[in-house]
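Both of the next two complexes hold subunit A, though its partner changes from subunit B to subunit C.
This part shows the complex of A and B:
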């Protein structure tokens, strides 16, 4: 990011103000998309592997969905893992019991995640601030215990095994979905969601979401119900969470109750905050940093959680706008 | 019949721990506006401190000293980490304490090891009081008595002492209390310490009951949140009641349908919220 922006400045020397900012607005996403599209080329070369990249992208998608609530509307949901996990189980069960179709599995993930969020939303959006967080945690735990105790259907503590992502039939030839191809499928889903979110944020509805965060009282005074807006945002983020969970389950051909646990919800929140919850790309950056840090630190020390926790505490204390916010202030100054 | 009685009692014991945690959480939530995710970490820490101090102080000694040490550390954490976040969006302190949980658990693992440890309780408390009706050890009765005593002690402290009344007043209108010349920084430190102290008591008692593990607070923190929601956010008495209620409900459920003993807590929450959105004893407009 910072490299991009300094290059951008170097190519436009003395060009202050509007034009360079506009250039940057186009250049940054362009660089990001090129980087994402070429991951299977340069990431293994840096010592990574495709599974890790796909994992980061999947979790980044979930974090982006959460950020629709957290960053945009200012509501801290701590139950995002519930929709993520439910989406994962929906995908797995679909492959095992309904039909051996990867697209259907993904679709079911979206539907189940969105349905759960849509049904719980009305109760949750009555609350604000930390109480909203508490109730979303509690809802998440309810799903966790249902999945853990429904042994016959979900495999209980051991998780759901025995499904495999199926090749996608495209008429003349079948897309095999090996690790590189699967990365691109996830990237495609990510691109669609990111595009839709970007459109949404420019729409009146997106502006209304931001208004919930900025001045709810005025919004209600104008006759726009903040609760309904939050409910829509909650449902959308549940759908995205379900999608991400389905992709995650298909990535590992496995899903376990850990995917619904509140600590994972916390990890999603951490990703948003690490990267910067008020910025569009923040959650993805946070997820990438999180996954890489986890991968790197855990191979060096058993106490990697401490390192991650301390990093997180420092971000919260000193850089509440996250890594992207930090970079941005440096570019400006 | 004896079995059900046993399960009710076990549920009551569980509820006592939920209630002690919820009471402390609720206190910190009310005045400090912090959801203290690290509450379970402090609980575990007090348990481990008790383990290390037991040879020197005896059980009665560690029951007081270990929670006090945990509370002292709590004040330190409040001073250094949480104080800079007062006045900012409360979600930052929630996030900070979430990060703190990770650090505290790792720290405990590093110092005391990851494997479970027992906390020796006095021998005379371990024999059964009665074998005819149901099996109950003196230690379980002691847990109940001590927990109730500490919980009531805290409520009395809040209601009948000058400082306690200030904490209560601060929880409902901090600006006015501050304008009247009360140091809210001291007040907040004190309320944080009191909350952690209760968690510490719960930690020592729980260690004697079920042993020590670095994650021992984890299984208690979520039900404690539920206890607060069920009891009504903003009501300390409600937290106490909510904790006992879900504990007993969970105990009874485990007699009939053990698989649902953890789930029933959340079912109760959903039912209470559907009928009474502000919780059993919650104030009218707490959710703003």
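This part shows the complex of A and C:
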């Protein structure tokens, strides 16, 4: 997990400590991975169920993708749900019309999400700040209305029905993809993406992303095109969004236009900020907190949105680095 | 659609129904959970672990909140009655109510939560058609019986039909068929449609058109408005220009409130007939008095002089709910809970497959059916043969006396057959 270490170093300069600090930085990711790997054992015992854990992981994956723009490159995108939803529809349509193959459906999700982001990126990256946010909302809503109005192909407002994730044939034995196996499939995808993001952030390209956030003008003076960098980040973020959307569609065996709506993009931003958008694990933590709050609070009160909203305000006001930033400060002091 | 095995093969006993230790842990751990338990905690003769549990998936936030709450009120009343006369299979009936906010993803997650975490034996509820269709699929995967109380899309008991899903409310086709002929006689055969652009509206329009054309009528046009439209003026100008005999409005919920308010502002009801498929007491109540116009179908109406059981039902319901009158939604929830309980008693089992077999073809007693005709869950597609109350809005009426029923159309005479809808019912062997 040395990759994560260097991310911490990159995002928190001056935090380099002694040997014990280094051990701690190794220990944290180890604990996280062990916890994630053993979810089907301890989570039901705490009152959860596998579908909920898988849902949190899927949304966390989309939020991590968004964070490549938001936390790393400093561009606030409200369009992540567009790529998430497109990936979901791509997976569903693949299973229904192309071939009954789960891996192909997931692959199509990545391709369609990445393609949409790659094509729209050049337009979006010309803008900065609020204008960037506005145009990403516009992209998202455009896809939303296409899906809603294209009744014949997408099922319109009612969503796309009639596909099922298919067992994966591994030669001499087949994965049925029941709830536990599907959790591990999602975890595998998550681990691959998390690993790649960690490698990316350690690479020169990742450092350049951070430079876009920190001082774009200087970067341009140095002869590095910030627009191209943002375009790459936008496309990668779209690919990850598409992957997460495909996994989400296969999780529910259902996808509806709500998965493309800008309010879901807002939820993704909220997850990043809640967990801590400057930390590697922040978006995942934010997604876990969000999904658990949504699920459990709404069983007890109709005003669960209020509770979630208050929590969000408190965190933004008092812990601008998010939950993870808060925890880190606690540990240090 | 291939049938997949239920996903309880995850091998962790605590996800099953007998998760006492986990439940105890939860109660001890989460103070909120404890508060909730105390809130429900009227002393009862039954042990808590013995209860028969129905998970209720209704929206109590979002666009359909009021409709969802009324379905829950009906279900709660049914549960109270069932418990007062001895429960289900001699065990207490517990409802576990949860909010879906009409979001499909959240609703599917909640369905799993109800079954795996709370140990619900059966599921009921939903208002939005999209949520019904998603829960239909999720409940089949879990092998759990689901009674769709209020999602109307035809595929639920049509192309998507499955052994584990039953439906109380009518299909979109029945909503149209219940009133179409009355409208042709009253206003004429040249119609213009104002249709919400999603499956509920589109299939209902198709049903109206089919009946109209079969009687030699003409479709002058249709304005498709997205779900959640608040400004209908552009569509209403088109409708006015077409000079129809009758404007058929197929919106529901808040959309219908907005459409009718603007119909009244344009004074369209004085120029041609205004009518539609589904009207609800909640909508009429929300409208300003002047905008309460038109001819509509109701799926259930509280004032049925020829069915004495209805009067007693209305009185009991009002007593429980601070004087509110029951709506069609209250009745949906009421029927769903009673039907599940009755089927479980007949099957002498809580096994979803056995209860499903008992519910298929089951006839509701009059004090549950609460309609002039005897109501049966048709075995071929699991659709309740519920009737349509067609009639007109009462001019100058006051809540709840806002509608005059002119004709009752029994469900069996207007429903499409299972084959027409494309339903092939199969049970797990």
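Following the convention adopted for this analysis, the second predicted complex is superposed on the first by the 316 of 333 C-alpha atoms of A that agree within 3 Å, B and C clash if a C-alpha of one lies under 4 Å from a C-alpha of the other, contacts with A are read in each partner's own complex, and residues count from 1 in each chain.
Just so it is clear, contacts are C-beta pairs under 8 Å (C-beta built on N, C-alpha and C of every residue); 3 or more make two chains touch, one makes a residue touch a chain.
Everything quoted here is computed from the prediction, not taken from an experiment.
In the superposition on chain A, A:149 makes contact with both subunit B and subunit C. Applying the stated contact rule after C-alpha superposition, one finds that A:118 touches neither subunit B nor subunit C. Of the two partner chains placed by the overlay, neither subunit B nor subunit C lies in contact with A:225. Of the two partner chains, subunit B is the only one touched by A:131; subunit C is not.
By the touch criterion defined above, A:295 lies against subunit C but remains apart from subunit B after alignment on the C-alpha atoms of chain A. Contacts of A:305 after superposition: both subunit B and subunit C are touched. Contact with subunit B, but none with subunit C, is seen for A:273 once the two complexes are overlaid on the shared chain.
In the superposition on chain A, A:164 contacts subunit C only, with no contact to subunit B. Of the two partner chains placed around the shared chain by superposition, neither subunit B nor subunit C is touched by A:29. Comparing which residues of subunit A touch subunit B with which touch subunit C, the overlap comprises 145, 149, 302, 305. Subunit C makes touch with subunit A in their complex at residues 1-2, 4-5, 7, 9-12, 14-15, 22, 25-26, 29-30, 32-33, 35-36, 60-61, 65, 98-99, 101, 103-106, 108-110, 112-113, 116-117, 129-130, 133-134, 137-138, 141, 153, 155, 160, 197-200, 202, 226-227. Touching subunit B in their complex are the following residues of subunit A: 74, 76, 123, 126-131, 133-135, 137-139, 141-142, 145-146, 149, 262, 266, 269-270, 273, 302-303, 305-306, 308-310, 312-313, 316-317, 320. Within the complex, the subunit A residues that touch subunit C are 40-41, 44-52, 55, 145, 148-149, 151, 155-159, 161-162, 164, 176, 178-180, 248, 252-254, 256, 258-259, 294-296, 298-300, 302, 304-305. Residue ranges on subunit B touching subunit A, taken from their complex, read 29, 33, 35, 37, 81, 84-85, 88-92, 94-96, 98-103, 105-107, 109-110, 222, 225-226, 228-229, 233, 259-260, 262-263, 266-267, 269-270, 273-274, 277, 286-288.
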